[in-house]
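Structures follow.
Presented sequentially are two complexes of chain A, the first with chain B as partner and the second with chain C.
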Partner chain A sequence: MAGSICALHLRRGSMKRIGFDGVFLMPAFMVFTLFLVFPVISSFYYSMTDWNGLSSSMEFIGLDNFQRMFQDKAVWSGLKNTFIIALLVTVFQNGIGLLLALGLQGTGRINRFMRVWFLFPALLSPLAIGYIWSYMYNPLFGVINSILEFIGLSDWTQDWLGDKKLAIYSVIFAIIWQWVAFSMIIYVAGLQSIPRDMYEASNIDGAGALSRFKHITFPLIAPAFTVNMVVTMIVGLKLFDIVFVMTNGGPGGATENLALMLYRQAFSLNQMGYANAIAILMFAIILIFSLIQVTLLRRREVEY
Partner chain B sequence: MINRTKMSITVCCLALLIVLAGCGGGGNNTAGEEASQGAASTQGAESSQGAASSQGTEAQVILKQYIINNANMNLEEINRRFEEKYPNIKIEYEGAPIDQFVTVIKTKLASGDAPDIFTIGAGTAKDPFVNAGYLLDLSDQPWVSRLTPGALRSATTNGKVYGLPRSQNVIGVIYNKKLFKDLGLEVPTDWEAFLQTAQKLKDAGLIPIGMGLKDQFVTQLVPYAMAPSAIYRDNIDFDQQMAEGKQTFVGSQWEQMMKDYVDLDKQGYINKGALGTSNDQILQLMSAGKIAMTVSLNAMVPALKAANPEADWGMFPLPYVKKGEPIWVSAGPALFAGGYSKTKYPDEVKKYLDFVASQESMKLILDTVQGFSAFTDVTPNLDSALMEIEPSLKTGAYAFLDQNWPATVQPEMLVGIQGVFAGGAIPDMLDKMDKAYNAGTKK
Partner chain C sequence: MRVQRMFLPAVLLIWSIVVFIPFYLVVTMSLKSPMDLQFSPLSWPSSLQFANYWKAWTQANLGHSFMNSILITATSVILIVILSSMAAYPLARRTEKWSAMLYVYFLAGIMVPFQLAMIPLYKLLKALHLIGEYTGAIMIYSAMGISFAVFLYVSFFKTVPREIEESAQIDGCGPLRLFWVILFPLIKPITSTVVIINSLFIWNDFFIPMLFLQNKAMRNVPLSLFTFTSEYTNNWMLIFAAVVIGSLPLILLFILLQKHFIQGIASGAVKG
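Our next item is the complex of A and B:
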């Protein structure tokens, strides 16, 4: 690493800069290594031990944790929940975010106001959002059931977070509600960077709204699309806080994803080694999916 | 221009300093250990100077204290009194909510930055800490002989005492006395009568029993309240038999207990949508007079009082018995704290715990938390609601069940009960608990 930096600078013939840059890079590099790279690497080691998180002694047990993980039904259901959350959040947050961006991309006062208005939930802590939504979803006095009853749809009232089949979708809805404007803002930035003359030219050529979107807007916001897709998918895969507050994985494990399972294994079951194995699984999944997405999406980005 | 040069030189120096400081940590000790030692020695130097100037020769000792602060126990006052009595010892208190505490204490212990005094769990919950050699042996302390047998059991592992008990928590039925009076209801003393009472409350348009099963810890309260009468009154050695592998959850009284528990829901005695309701939400509905009863811990009574000072609350033991049989109560000792085995000041730590164990301090804690005494010679001033259940404790009591289980069982049970309420099968849940029990005793 250091060698390549030196070579680069020597070629430019500026010896003075090496020391100078190095001084500025060093603290960040060391902090990064000490607090991120080192723990990540040691996590690989701990995943092959039976460490309980407390005792000073542990045994190296090779791949036993991984073998156990693939036989553990709870891990498979956690994996399923993780994918459901990631898929639905990615699809809907981007779909709705793009629609909102198209509607509110103008620079007028109302557009600007509405954009800020939609962004409010993203500014709040996910924990606060979780509490607010668990009150709204409450089956006894929650506002959602109350409204349904008020407008005569009492058959539609549900135990939103207590129903095994519904709970995960209720949580996903709250997540999308919170973060949709975040995607919207990135799309708006992408939309506003499209040169106006492209649209003018297409107007002269007689293109309709749909073909304008298909041939100009969508290809040109590809960078924003890449960022949004990758970010929402990663967030969806490693989601923790809002699920922790709203259901804590319940009822009976129906909303437990890998992140919650990891936490429970590590801190309430004292299975630090096993928890690390789950963390490695999450790491692998997120890495693979991000790489696939980035390669596929980058391919369709166009230069203009 | 000169200013800019000066600035960059200063920044460079600062950056270098940070780098050097970072490198310095990589010596023989781990970075964390050295940092903490460094911090301790500078603090020691500072305070000893302070002590020298104000009180003369005695050097000052600082004890770091890390305590779960979910329930206020007026620790500030106790620490103030202690420092007044022992001016050369200073208590550095840090509190944390329970979830945060369990995560952080492990990191603190592992990094060598452990507090001298910290909260420990009762029963088997403290065993991993004992086995890792983190806890100070307190068996020779004078207060040990004053403990109630149950409290002593919960503070002991392998015949040695590792924690100072604080109070006994009790699970029972907390009820709205006014609603009972208006409907002419008596406190039920057997299961049949309990169900009839619930039916009458339901007929009156009230929610008979409020349970916030969305919070996992709530799910266990009913079986914990049932088990002392259903299992331990007639077979006090049940846990011993479990440990020896002669007994399993499957095929035990647990099957009937769980069935009766779920039946409360099926009969409509528990609030609708219990799995989607949290304990806080139940507390609100109860203080608003919409719920007549709940099965909960004694700590719920002060919380209800705070939410609605007007209402009149009572507490009785869950009568999971046939007519005329004695009712046993679920009473779990809670520990105040233990000492760190590698503390530099073991004598001061013991002095502090002895001070907290004094009748005066204990009474202050119990009056504040509204808990039952863990000492034979301390009688707290309790709310009238709690005094109502107090005599039942003398009939017979058994600890919270997880205090005698391996740590693996309780999390499985909490998830399992939610699963059963969501339509799962009871034998499956009990089977998983048995498996978790075996997995936990393997080592």
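Our next item is the complex of A and C:
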């Protein structure tokens, strides 16, 4: 087949090869460098300026932005909220995702149908999720309160997004609602790769369901576990859109995380330099935490 | 034993209901008339107001935004596929040091949150007069998508036997033709993963359009929905009708291609 397509070309020397490597690599390299690497590197410079986004002049102010950041109470509370969101999303999305995967790991039609059904929320725009759950949580005409009233639990009705203590958990639930099936799919793929005879051997040994999970299933899905933990944590740490739509950081900053804060500093308060310093803090956190997680979890993978 | 056997089915049942209720809410609300709002939010509409969809479509200018969304998503995804697959080929094949270094260079992008590039990008696009131009958003999406796609393509190219290329080369096939005619069809599974993951993100994204495509003529579906909602606050029937319309393309695509979708997500993640 190849002969007929390529008959007119002749093989050339290695100089030519390097030229062709350039043709293959250059376009991606240029787009990637100009529109991602270059901005990322210059953000380190901007973080040391007082640029306001409007004027063309800016002054170099060294580490003043970082100093200001660590004295800023709002940043500390944003940091706390960022960690709460990332931690709870990671724990519950993986917990629920794994349970769903254990229930739906079979290849039968019902299992497949349910997996598809659970993935539907992941197809919606985070913006849509924000609107839908704002309505679900609405204290006056929302769905959750009306269900609670219907089943006679009217004492439990809440202002889910308006209450300072509750709001962040309500937002977290909406996030999990959207993304849990992603984790589920990855766990299902992990579970389906476990050889059947592993289970058969354990049946002969008379192992119970829980001990079978602990000693066979869980160690064998370690790679899926690593991926899921790292991905959900990173997503949780940099979450923006759902929070932006549902609460916009409110009430009173109770749901404001770093991503929201730096957006506001940059585009509402025109503190571009300061916002960049917060972005660098966010990046450092993501980098450190994912490195820790990968190291710890990979070590666990190797053990088995 | 009995409790254990009931536990997982119970979890599945509860979660199916939890997934169902919001979808039920959106669809029924989008068909209600304002009168129905006095009843429970989960009540069935007293009459089906299909006119809501027409109103949402025209008032949120969704027809135009659909074209924008299709244009932006398609162009970005095609660029990501072409640029990344081509770059991945020499990276997978060459054993010299520069190749390994360049591979790490591309991969580093996976770790970077968009927020870190956001503000300098704003300045850069302004300087290039690309604020409010499709090209600006498309270039950003492409740059963001390249890292992961290069990673997927490189690991796949390493599984493609060299003999295929060698025999093609003996037949006198030039590298570009070898790549597009012989290798590209072989990497289809990864291409579908790349297309699915990126379309899902780009179609639904409203952050980048909000920053860089503010003017009315350029808005994509989520951004139109966003501006429409701030103008028509609390007209939830129309908001949800617009939500249904905006979500329909991906949902239909998903139902048609669910196998590829699920495999794409699973293989994309497991290799990541």
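In this section, the second predicted complex is superposed on the first by the 280 of 304 C-alpha atoms of A that agree within 3 Å, B and C clash if a C-alpha of one lies under 4 Å from a C-alpha of the other, contacts with A are read in each partner's own complex, and residues count from 1 in each chain.
In the analysis below, contacts are C-beta pairs under 8 Å (C-beta built on N, C-alpha and C of every residue); 3 or more make two chains touch, one makes a residue touch a chain.
Quick caveat: nothing in here was measured; it's all calculated off a predicted structure.
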- If chain A is used to align the two complexes, do chain B and chain C fit next to each other or clash? clash
- Item | First (chain B), second (chain C), both or neither touched by A:24 | both
- Message: After the superposition on A, what does A:55 contact: first (chain B), second (chain C), both or neither?
- Response: first
- Message: For A:190, using the defined touch cut-off, is the partner it touches chain B, chain C, both, or neither? Pick first, second, both or neither.
- Response: second
- Message: Which chain, chain B or chain C, ends up touching more residues of chain A in the combined arrangement?
- Response: C
- chain B versus chain C as contact partner of A:252, first or second or both or neither: first
- Message: For A:135, using the defined touch cut-off, is the partner it touches chain B, chain C, both, or neither? Pick first, second, both or neither.
- Response: both
- Message: Tell me the contact category for A:209 with respect to chain B and chain C: first, second, both or neither.
- Response: second
- Item | Contact residues common to both interfaces of chain A (with chain B and with chain C) | 20, 23-24, 27, 31, 34, 53, 135, 141, 267
- Item | Interface residues, chain C side, partner chain A - complex | 1, 4, 8-9, 11-12, 15-16, 18-19, 21-23, 25-26, 29, 37, 40-42, 79, 82-84, 86-87, 89-91, 94, 102, 105-106, 109, 111-124, 139-140, 142-144, 146-147, 150, 167-179, 181-182, 200, 203-207, 211, 221-222, 225-226, 229, 236, 239-240, 243, 246-247, 250-251, 254-255, 258, 261-262, 265-267, 269-270, 272
- Item | In the complex, chain A residues that touch chain C | 2-3, 5-11, 17, 20-21, 23-25, 27-29, 31-32, 34-40, 42-43, 46, 53, 96, 99-100, 102-104, 114-128, 131-133, 135-136, 141-143, 146-147, 150, 177, 180, 182, 185-186, 188-190, 208-210, 223-224, 227-228, 231, 237-238, 240-241, 245, 259, 262-263, 266-267, 272, 275-276, 279-280, 282-283, 286-287, 290
- Query: chain B touches which residues of chain A in the complex?
  - Reply: 20, 23-24, 26-27, 30-31, 34, 52-56, 134-135, 137-141, 159-164, 167, 247-254, 264, 267-270
- Which of the residues in chain B come into contact with chain A in the complex? 12, 15-16, 18-19, 22, 102-103, 106, 109-110, 128-129, 131-134, 213-216, 271-278, 281, 285, 407-408, 411, 415-416, 418-424
